[in-house]
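Chain nomenclature is as follows: A, B, C, D, E, F, G and H, assigned in order of appearance, with residue numbering initiated at 1 for each chain independently.
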């Protein structure tokens, strides 16, 4: 019944889960991006970094988490 | 505008007129060496998903090229419509703490990487309305280049030839019309293959040149970066110095015709 | 030979690959400023009769450009046959205290200032036998350029286009054959009009460039001299760095194709 | 009868005269070229500077006296 | 498509691949002579207001060039937006008793007569929906040329260079991409200056060429019309015959190397 | 001279300005078909040793192309000095019963097949003194081309580019000087790759074009021969018709600016 | 009072008048275009030639009457 | 002793022999060139066709016998 308490979400196109009640900053922590430069989009809307810790994750959320890479 | 010596984009002055990309290098170390050899102050970066599972302890591009030392220019390479491009640059702005200067490129397809102009016009309007300072990759169509200026873009960047082709400037005549029509900075973007291509762009009166492959894919990228730095400066100086007129079949001696020894 | 970084002519090494003429300037002061801005170490001079009655108290060219600071390269501009050219350079050698390095040019006529190759071959042979180090102005005929090397000339200097025309390099393909065939330094002489012309010559693999009108007749000769200095260095570096291959209609993205945001 | 004692010569294509007995260095002196860079050809033969003072002028001599000027 | 020998536009076959305009001639007699010398079957006409008070007894253009003998192609020269262009061609259709084949050109300004692509796309859509067979003047942007085909235009006609400039084909590489992408006939329109320009367009694989000034403003328009007829045929035949490959610095003897007389 | 419509060489008038070689074809049948499609009246042949043991019953080149129907132009292809060339043409004269019209080419080496000009000048003098009518293959050096006329050659034939390279006209500017200086017919020989190359040569004012590989090595030699025939005629007519002037960025409408419908 | 019975119209941008009650074919007749190739637009709408004789002119009508001329 | 009566000659670079006393036309006959277009050089000198039958072959003669072939 564990999954009963889990949220099914998508990060960068990949399905994964999070504990209910956690906020978006938890994802950043899991990805070890704390202190790095990144940006987060949830369901097509950008979430400012300042709000990540106050934004609860909802079941079915789709996240895009991006960084800067080399490009022309 | 194109006559002034300093390059001013969105109210900020740059001493270097060479903008470079950060893609296609062997590693970050080579990227850094080449960029510093080029003297570029504005460098483009792409925005991409974090690869889940990639080692987060590894240094990232921005560790090597910190925003404190370079003006980062996030681009929309890989975006094929206005919506993707706008989303990408909004993410870039968040990522760079509100940074407004961006490079818009909406590509038409993988085979040509040619600009998709109708989508580019839509994206440019949306981004300008959203407060971005938009430098825009476009075709060498002088009419649509002018439209992009009218929309409020801070620089127009027509391609010299296809991205990554190294074919140089295929149609200087269209560039001349653009330079004649457009008041914001005109930078040649894409198609530069070697140093003289960059010189020629600057001699035409362009305000700057943006390149990536010509440096990254030279046999010696760092040396080519130095060559490009001198090429852009050389072409700019030649433009400002005012070249001699071409004389078709009217040679004129460089030495005085008088006083030659008798026979 | 054309791959080495230092330019060696007749056993002497020069750090600058740009050679400039001293004609057509407003005055000696401008001549001096432009030459110093160009960084040229070898400068050409013409040999002319003293004008009887000219004010001998006036400073002369060599007071401004002393042989102690520059390698003077006396030329035979204005000579239309081998005999005149040889006489002129023997006078130059006496004038410069036994100086051996000279520029031979035998012109065909006033209208084109095109090389007279048969007379050039005769004069080159005579001068080499007489102990001169001969740098020779010639057509872009690869066969006769090779003959001039075989005669013993220390450098061959094909024209890019007519003297004073500023038309640039009209036939790069012939230059490439010359570079492939000739071992002594190959310098483009005559026809350069603007900075990119010089870059292109160096990118082809030429060992140096000689010019006069392109600098002297620019609107701002001193600034153009600086442009030419950078153009020659830039072209040389690009040649050594090895340019990217040209890709005809096969664009390749400068940004990674993976990891673009989903839609 | 003065011209009786004079030598008719040509310098750089112009006819002129010199006193009999004078040497080529006299021409250089007249032209105020002393200490400057020049070269002298007499009747098609170069006369080394070192020899100018020991080379007497002959009637009918043709001299070319040249300097370096700006040239491409 | 571009490989077939006959030119088919909107289902109708034409033996001549040269289309000509009827403007800028000295008089109707010269117009008629030049057009017949060109062998053109499709000729463009402009639609203009009747000048009130002009002598109605004078013969008109269509008296000299009756629709019974030529395929008239009404154009929208002088139209600067989609609405004007559509109105003009609807009048043309009425004037020519329901004639459907038209040339759409929406110009951006007087100085360049460059295509206004956004307006051109709008007008093309409207006209196709209204049942016209639209041949469309456009830039050499391969992406928008393809869009015009997708809209339903029966031929795309990129400019070689500015209308009336006679500069020839400035960017053959873009034309090659268009030819690679577009299935309907591709005709070069505008910019042809002399016969070889037309040959080159056909050698690239274009399906036809449309010109006016190059013939009308030649010193001898009728002779130039004949030259253009042969140039288009010649270029087409050369394209179909398949040219020899270019060999860079690898000469090969045209005579057998064996059996030369001994010495 | 270059203005007249008929081509006159050594006092004989030719209606065709296209001269073709007979080498490199699949067989004599194809040679004959291509030559007839080209409309050429003057055709070059090489002189070679009889292969001992070859089947003498086989038809020979001259059985297919009899001197009664074509003006045969024996050449010295494969000769690398004046002596060989003179011997070869004396044999040709004997072989063709005293035929005087010949093509002199003295090659420098196998790799370039570039003219050896010093040997060419010697051979030309010898042959003219010996009563030959000499058409001479040479570089595009205007001075030596004039010398060849002064020696008494009946036509000068500068290369457009290396024999068999198909690179086209690499230096039209030198050709223009030759055309300005030389009174005898000037024919472009060697380097033509496709039809437009031939048109361009004729538009420059050349009196004719000589080619072999461009036809023989096309995918369809007979069709290319027809293309070349039209290309030479087209280029000649365009030259005589007087092309429109090029206008750089000054477009002029082909349709009247007045009387457009109101809005 | 004549103008009282006249219609004020515009043809190709020029103001003119027509008798009340006349149809568009009258304009064509006045312009001597009968039997020639032309097209007529009234107030932005094309009037087919077949309808000209049944189309009455109204006060204030704007007409465009065009022919084909030489053009590129 | 047969070779005693034979002449050693060279034709187009190849050594061969001829009977003593024969004239050059014999070579043409052997090569079956009679009636064809050819030219003959002996020891660097051309022999006109009209003279072939009156020109005796000498021991050591070098002949070049040529025809026209395809060439550019």
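A few comments on the model shown:
We adopt the following convention: a residue touches a chain if its C-beta (ideal position, glycine included) is under 8 Å from a C-beta of that chain, and two chains touch if they have at least 3 such contacts.
Quick caveat, the model's predicted, so the values are computed rather than measured.
Least step count on the touch graph, chain E to chain H: 1. More contacting C-beta pairs link the chains of F-H than the other of the two pairs A-C and F-H.
Averaged Cα coordinates give chain C a centre that lies 75 Å from the centre of chain G.
A straight line joining the Cα centres of chain B and chain F is 47 Å long. Mean C-alpha position of chain A lies 97 Å from that of chain D.
Chain A has residues 12-13, 41, 64, 66, 69-72 in contact with two or more other chains. Looking at chain F, one finds that residues 21, 23-24, 46-49, 51, 75, 77, 87, 91, 112, 114, 163-164, 167, 173, 177, 212-213, 248-249, 253-256, 259, 261 touch two or more other chains. Under the contact rule defined at the top, the touching pairs of chains are A-B, A-C, B-C, B-D, B-E, B-F, C-D, C-E, C-F, E-F, E-G, E-H, F-G, F-H.
For chain B in complex with chain D, the touching residues are 253-256, 259, 261-262. Every residue of chain B that touches chain E in the complex is listed here, in rising order: 108-109, 112, 114-118, 121, 139, 141-144, 147, 161, 167, 170-171, 173-174, 177. Of all the residues in chain A, the ones that touch chain C in their complex are 12-13, 41, 62, 64, 66, 69-72. Put simply, chain G touches chain E in their complex at residues 11-14, 31-33, 36-41, 44, 46, 48-49, 64-72.
Residues 21-25, 28, 31, 44-52, 56-57, 60-62, 72, 74-75, 77, 87, 90-92, 94-96, 163-164, 211-213 of chain B touch chain A in their complex.
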